[in-house]
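As written, the chains take the letters A, B, C and D, and residue 1 is the first residue of each chain.
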Amino acid sequence: MSIKIAVVGAGSVGFTRAMIHDILCIPELRDAQVSLTDISRRNLDMVYRLVKRDVESAKLPAKITATADRRKAFKDANYVFSFVRVGGLEGFATDVDVPLKYGVDQCVGDTIGPGGIMYGQRTMPVLVEFSRDIVEVAAPGCLFLNYSNPMAMNTWACTRFGEGVKVVGLCHGVIGGHRLIAKAFGLKPEDVDIICAGINHQTWYISIKHKGMDMTRKLLAAFEKDPEIREAEKVRIDMLRRFGYFSTESNGHLSEYVPWYRKRVDEITRWINTDTWINGETGGYLRACTEGRNWFEHDFPNWMKEPPLKFGPEARGHEHGSYIVEALETGRTYRGHFNVVNRGIITNLPADAIVEVPGYVDANGMNIPVVGDLPLGCAAVCNASISVQRLSVEAAMSGNDELLRQAMMMDPLTGAVLNPPEIWQMVDDMLIAGEQWLPQYAKAVAEAKRRQKSGRRIPTRDFAGAARLHTKTVEEMEQDRETATRLASASEKAGKDRKKSR
Amino acid sequence: MSIKIAVVGAGSVGFTRAMIHDILCIPELRDAQVSLTDISRRNLDMVYRLVKRDVESAKLPAKITATADRRKAFKDANYVFSFVRVGGLEGFATDVDVPLKYGVDQCVGDTIGPGGIMYGQRTMPVLVEFSRDIVEVAAPGCLFLNYSNPMAMNTWACTRFGEGVKVVGLCHGVIGGHRLIAKAFGLKPEDVDIICAGINHQTWYISIKHKGMDMTRKLLAAFEKDPEIREAEKVRIDMLRRFGYFSTESNGHLSEYVPWYRKRVDEITRWINTDTWINGETGGYLRACTEGRNWFEHDFPNWMKEPPLKFGPEARGHEHGSYIVEALETGRTYRGHFNVVNRGIITNLPADAIVEVPGYVDANGMNIPVVGDLPLGCAAVCNASISVQRLSVEAAMSGNDELLRQAMMMDPLTGAVLNPPEIWQMVDDMLIAGEQWLPQYAKAVAEAKRRQKSGRRIPTRDFAGAARLHTKTVEEMEQDRETATRLASASEKAGKDRKKSR
Amino acid sequence: MSIKIAVVGAGSVGFTRAMIHDILCIPELRDAQVSLTDISRRNLDMVYRLVKRDVESAKLPAKITATADRRKAFKDANYVFSFVRVGGLEGFATDVDVPLKYGVDQCVGDTIGPGGIMYGQRTMPVLVEFSRDIVEVAAPGCLFLNYSNPMAMNTWACTRFGEGVKVVGLCHGVIGGHRLIAKAFGLKPEDVDIICAGINHQTWYISIKHKGMDMTRKLLAAFEKDPEIREAEKVRIDMLRRFGYFSTESNGHLSEYVPWYRKRVDEITRWINTDTWINGETGGYLRACTEGRNWFEHDFPNWMKEPPLKFGPEARGHEHGSYIVEALETGRTYRGHFNVVNRGIITNLPADAIVEVPGYVDANGMNIPVVGDLPLGCAAVCNASISVQRLSVEAAMSGNDELLRQAMMMDPLTGAVLNPPEIWQMVDDMLIAGEQWLPQYAKAVAEAKRRQKSGRRIPTRDFAGAARLHTKTVEEMEQDRETATRLASASEKAGKDRKKSR
Amino acid sequence: MSIKIAVVGAGSVGFTRAMIHDILCIPELRDAQVSLTDISRRNLDMVYRLVKRDVESAKLPAKITATADRRKAFKDANYVFSFVRVGGLEGFATDVDVPLKYGVDQCVGDTIGPGGIMYGQRTMPVLVEFSRDIVEVAAPGCLFLNYSNPMAMNTWACTRFGEGVKVVGLCHGVIGGHRLIAKAFGLKPEDVDIICAGINHQTWYISIKHKGMDMTRKLLAAFEKDPEIREAEKVRIDMLRRFGYFSTESNGHLSEYVPWYRKRVDEITRWINTDTWINGETGGYLRACTEGRNWFEHDFPNWMKEPPLKFGPEARGHEHGSYIVEALETGRTYRGHFNVVNRGIITNLPADAIVEVPGYVDANGMNIPVVGDLPLGCAAVCNASISVQRLSVEAAMSGNDELLRQAMMMDPLTGAVLNPPEIWQMVDDMLIAGEQWLPQYAKAVAEAKRRQKSGRRIPTRDFAGAARLHTKTVEEMEQDRETATRLASASEKAGKDRKKSR
């Protein structure tokens, strides 16, 4: 009997098309049923047409359908993928722009930080609703594979409030760093054995081995000798220098989770570079996504004229999702890094936190080994983020803005830049800006508006950030159609495609 | 650089010859150095000659040496295997015979029960000494693979008192049951996916799947339909009926860990059969080992005339050990079941217990996934044994006979058969009988002797047990040389070779 | 404002009258409102009339009411006491009599053992209902003080299924043993400092000090020198000898929780004496309760003619309940021993178990210190009971008779006496006997009846037990009215009044 | 038999004289033996003469001795008090002055922050040595009462490296806040029931009750109405506003543990006031201690002419120490707040952290109840400090400066003010400045000196801090002898005497 796969947020072209493609590359799963759903009819329809064309051209037995009715899509599904971005690019813009008025300069803003916290407030209730739907209508034992950020908070909310849904959070940050390490040592990735552990976007390469030899403490020297890496990864290398372990996270993203690199406006550019948005550009991911989405919508007719995708083992990508499905369905063991509730896996992080750790998947399920203690310094860095996440999860699901404000106070970058009255006013502004996606905060928004109108406001300023770049218009992108198309496919797989975007 | 493997208790012919053979079947490890050691010069020499002949005939680059100096054998070793049986068959006989005088009728007596507890008292201090030697002289990170019983107690003692030695306890009980389950369902073992969890010799098949379909609760019916299994496995099937899950342990062995099947002398034969000693024969394993050892010593000259072993992937056995070494050295993932400190792996067994659980081995090490809760009833059965083990470990390492007596009191079968004064007197008798291997109990032995001489003894009786068979003489075994040789090779791999021994 | 106290199972004359009395002896609480409720109108009315007369004679401002409507009684209550015995003496008789047919000879049968397990099946769902009522209608923060047995199972069920009710289990076993220890040492109880820890009815005096000097290990010798204690407490002294620590539990009660003293019919009388039922008489507590209840009902008119109780500090009893209320209301610190969820208090017992441990009560609430590890042997004994309790709790609340049967299998005395088919048949018989109080087992009862009728039964026998005494008729009791009245007041406070009952 | 009390760091006049006094006020302990020890002969002698005179004037049977030989002082002691300040005022000055050059402006600098971390590096190895001495030579079960700061780190080091010493950390911060709360509500302290929980100097009043009524959330309004408190406690009130719970810690001290109030030089004075050093003065405690110590040394001859102390219940102070000794020796229950290893007491703080929580002391020992979860925001604030402490403890005991630098990175105030290169250079400077008290860092100091000399330094500046006051000379203090004497007695009991110091 064929399996059923549902995709919610299927209008996310990069993710959806690639994931369906990868799954249908698996010989045993060529006859899968795929049901796409999205709240945007238009986006859903465009992606559906692309995917349908791919599958039909390849004459695969798979059955592709699209529906705006989420529960219909989830009905009897064995796997549900979520690629949703609640609030879309409009909501995302508020995550970046409001904090800038207060001097908090984020590169991505989707993990912690003011942006990540508010993104979580919008997203968690929605994903919890998905979880409940899955428990109610999907096939028994259905696995929910979540790609939506903020990954740790979202997975936390689903495990805590999702009625027992079986959920795993996925992110392929680990893969890029693995390649970088291999490059620095002049080795092939497959000859470098790694163990990563931590929390999503703050996972550490705690063991790096080559033919059984421990290379972990030799990495700093290797990076310092590589001029390209040295230039692109200044924050990551500095963290490696201070903490002894390399972070999975990209330079720009990492810089916004800690208090040290982005708190003084005039120093930010010392730690980042703007060759690739992911290396630290102010609002870099927002720009990339905006350009990509605009280009896709503009250029869609041409996409339908391009050759459809080819299927088969050789054509398959590296994203975790299809390998997990393969392992569970065929029993072929897959080792990846997964986001799950800690409960003793990393022994010096809290039991309730969502950790990113190695796991082995086979017909028996997802098997997550006990990792033991993280190095003390790495654990300390993760713990600071976990405090923010826990407050943020409880806030999002209860609509208690006092907890939300505390999450913001505890955020390392926010706490280093602002004082308490400023933080509270910024929360007010963000609640108001995101009102339409934050029904749980109706009361808090009303009070914030009252305060905003009262006139006794701390002055804010127009601040573009230390390193903000112009968002290209469609016309500008027309100058280099090939790059625009490549970036549009990749843009939603944020933090993942590390190729230069400028 | 070639790896070094040390084997202590190498005089155990069945184990040693097979393990060296399996390891040298691995292409990358054909040049391993193997160092054999034993306190019996004679046994060591016989096994050394057999192994050396195997390797030389196959023209392998491996280097085999033998030495009576344990620390020399361990020096720079990457892997140490222990096959020791402290006290030998002479000690083993006291484990079976003394309790029989009190009406405690054991089949094996090497796990818990009076026999297993006393076997542990003899063995734990010795294995802890090995552990310390390994930490001191072996290569850094050397893995200690322990096959000596009582497995759970021994591994517990090494992890708690072994100066941080990296130890894993190994037993292939899981494999035999897997074949039995597949047989009952008319499937191939490779088409039946299993998860076993529990404690050594009381591990449960908590998940049995065929192509993703859960078969766990269908097993009872399948067994009841199979006349051969129904006849051979009465205790196991009864436990499955009562507790809902199948035990890895053989019929006879299982019957001695619980209070229900061997407490009434006249009922024992209702639950066992004597076709194979492992199905319940009184002192069955002692008989099999005695015959095997006698035959080996008697027949050794002929063994040297037999064709030597062949090497190569196709010739390799299924025992865990060589697969673990292969996975660690080559990175090829191996899934097996291992005995390790619990610390949250089985969430409803104590953190300090040694549990037997699935693990994935690769170049990153032994990765033990979190299993979660055992079914309540299974956990309760395991917990009763764990209490015995914990008391037994603390007793063995401290020489505190009060704890030893409490271990015996808490033993399910002993507690169901005897009253406290009887238990204490039996402990006295066993301490005296094992005096030469129990230096830590010097004081307690002296007091026991005093009490024994005082004349105020509870009467004991000569009791052969409900199902004791005659131990064959060498002359009798000469009648069927082939069977005798096969059994002699297998006998020390107790509980493992399930082929009929009579 | 005056506090409100509700009593459910208020028809239990001994408990109810004494508890109300003790509370009204506290100067600050003389104006309490007391609401009595019971399902037996007749019992409720008799007790109400007695209590009302006490209060009115003393001209206390307290307000006493009685109602058959439980939720009305609980409405706005600050404290709810439960003295219920679900199934009454009729149900109780089945707990003792059915197991006797199988040779399981219990003294009390209200903790574990076949009797305790079935008593729990009747009681837990009812107490959980009370808990929910309390959460819904009582005053916020209302404390539920449970005296109903089986204490550990009942408190466990309330904490796990009681919607967050604040519950404490109370039993004054600790007090009697304290007096006994002081007697043996020739000291006053107030000069002997004790710490007790374990589980209800299996709590151990883990620290006994006199002026800072540790006396714990001197107790055995002291008891052995005291001819009266030596004669009355043979099981307790034997347990002390084997395990090193004294148990709080009475001789007869203790003997039925472990496999060693009551499994051989012809040995039981060696370990018990029948001067006082609590020292081991077969079904002793059932007899005492039956006599007491019959006498009370028969003699009630005379009770109303006796002088009413006097109030005031000097008249107050030692039962925990009133001291807890006093401490919470006035802030005067009270130290007692309480039954609460473990969660790390006793570090080597499971987190979910209900433990009996020291606590300090004051205006801040019930403060339960961390005890640390129990001695290993004591922990092992407790753990065996905890396994039974956990299975029993889950069974009672789910109506899953498979779990119920496993609880019975794991029961130490049952497991030592019976084999699995006997245990299952005994469970069938007990389910049928208790049908009217076991609505959750409707399906299992139906199947049991079918099996019972099928005729393929293991034979049972008429067995009065090793030490059963005649239950006195009312006429016989008339011979010594004073004793009859005293015992009737005390009988329901089982295991508590240690004065001789014969 | 009389008890023996040892005091190390006995030259600390305020602490030592008051503690001895309080203990000798207890009727049962008037005959205690007191042994004073200190590495400064001069200080020891002055305090010895004062105490001896007090005791002799009162004709108490107590025996006071002084010795420079620490182990002699500890020999057979039942209680050891530590009042040591390793490095004295000279070391303390480096804790305040070096960070000021980098713009880190501390008020006290003895808990976390650059000052607290370095103070810990000096002190922990010394207290661990004391612990080992106690285990070796003191009476069995001797209790180590530590008053030395940084309290949490010091107690942590003793519990982790102190060979099992029985240690408790003491601080009476809780008492001052209790009075303040009562004042705000217009109540007497004894009518306000409090539960405090957290970590030392970051403990929170998580429950405030008056006659059973919860006042916790009414406190902010009460404080805001009190002009005196509103003016003096701006940081504390702001924290209460943001986090919902009041901190035990004084305004100035609290301001330096979090990133929000002292990071911008020009804002510091908005949050503090300088009426009392404890409310926020830059280096305030250093100034107060320096003045006090100078005055004591200068004025000592006059102290000997003052009337000696009077003894008796009415004369006794409120400091915990004597009440603990009383409770343990007499069995009279004492409730206080104590610093102990967490291990599940506060369920959402790490098990290894040192927490400050309520406890009950009696003849059975120190009994620490389980508190449960801290409010989420409070836990998050504590967790940030705990990360710093853990790194600091491991650094101090291993001499690993990489961990020390990570502790400094993770420090909330330091991380908000400085960037990584600045932090590392500041650590270099502090290691060099404290070299004489940091033998474990010999290698790191040498490297730091090399770097310091290399000339490639980040520029530092002369910065007096936002609110530094002049340290009075002895001549200036002569103007108001009475105040000088009072402050000199109190100065070393820092954070405790809340009376105005200017």
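We take it that contacts are C-beta pairs under 8 Å (C-beta built on N, C-alpha and C of every residue); 3 or more make two chains touch, one makes a residue touch a chain.
Here the structure is a predicted model, which is why all the values come from computation and not from measurement.
Undergrad: By the touch criterion stated at the start, how many steps lie between chain B and chain D on the shortest route?
TA: 2
Undergrad: For chain A and chain B, which third chains touch each of them?
TA: Correct list: empty, since no chain touches both.
Undergrad: As a quick test, compute the distance in whole Å between the mean CA positions of chain A and chain D.
TA: 44
Undergrad: Quick one: chain C and chain D, Cα centre-to-centre, how many Å?
TA: 48
Undergrad: For chain A and chain C, let me know how many angstrom lie between their CA-based centres, rounded off.
TA: Result: the chain centres lie 56 Å from each other.
Undergrad: Once the touch criterion is applied, which pairs of chains come out as touching?
TA: Every touching chain pair, ordered by label, is A-B, A-D, B-C, C-D.
Undergrad: In their shared complex, at which residues does chain A touch chain B?
TA: 193-195, 207, 209, 212, 328-329, 331, 333, 335, 343-345, 347, 358-360, 362-364, 367-370
Undergrad: Which residues of chain D touch chain A in the complex?
TA: 238, 241-244, 258-261, 263-264, 267, 348, 350, 376-377, 379-381, 383-384, 387-388, 390-391, 394, 402-403, 405-406, 409-410, 412, 415-416, 418-420, 424
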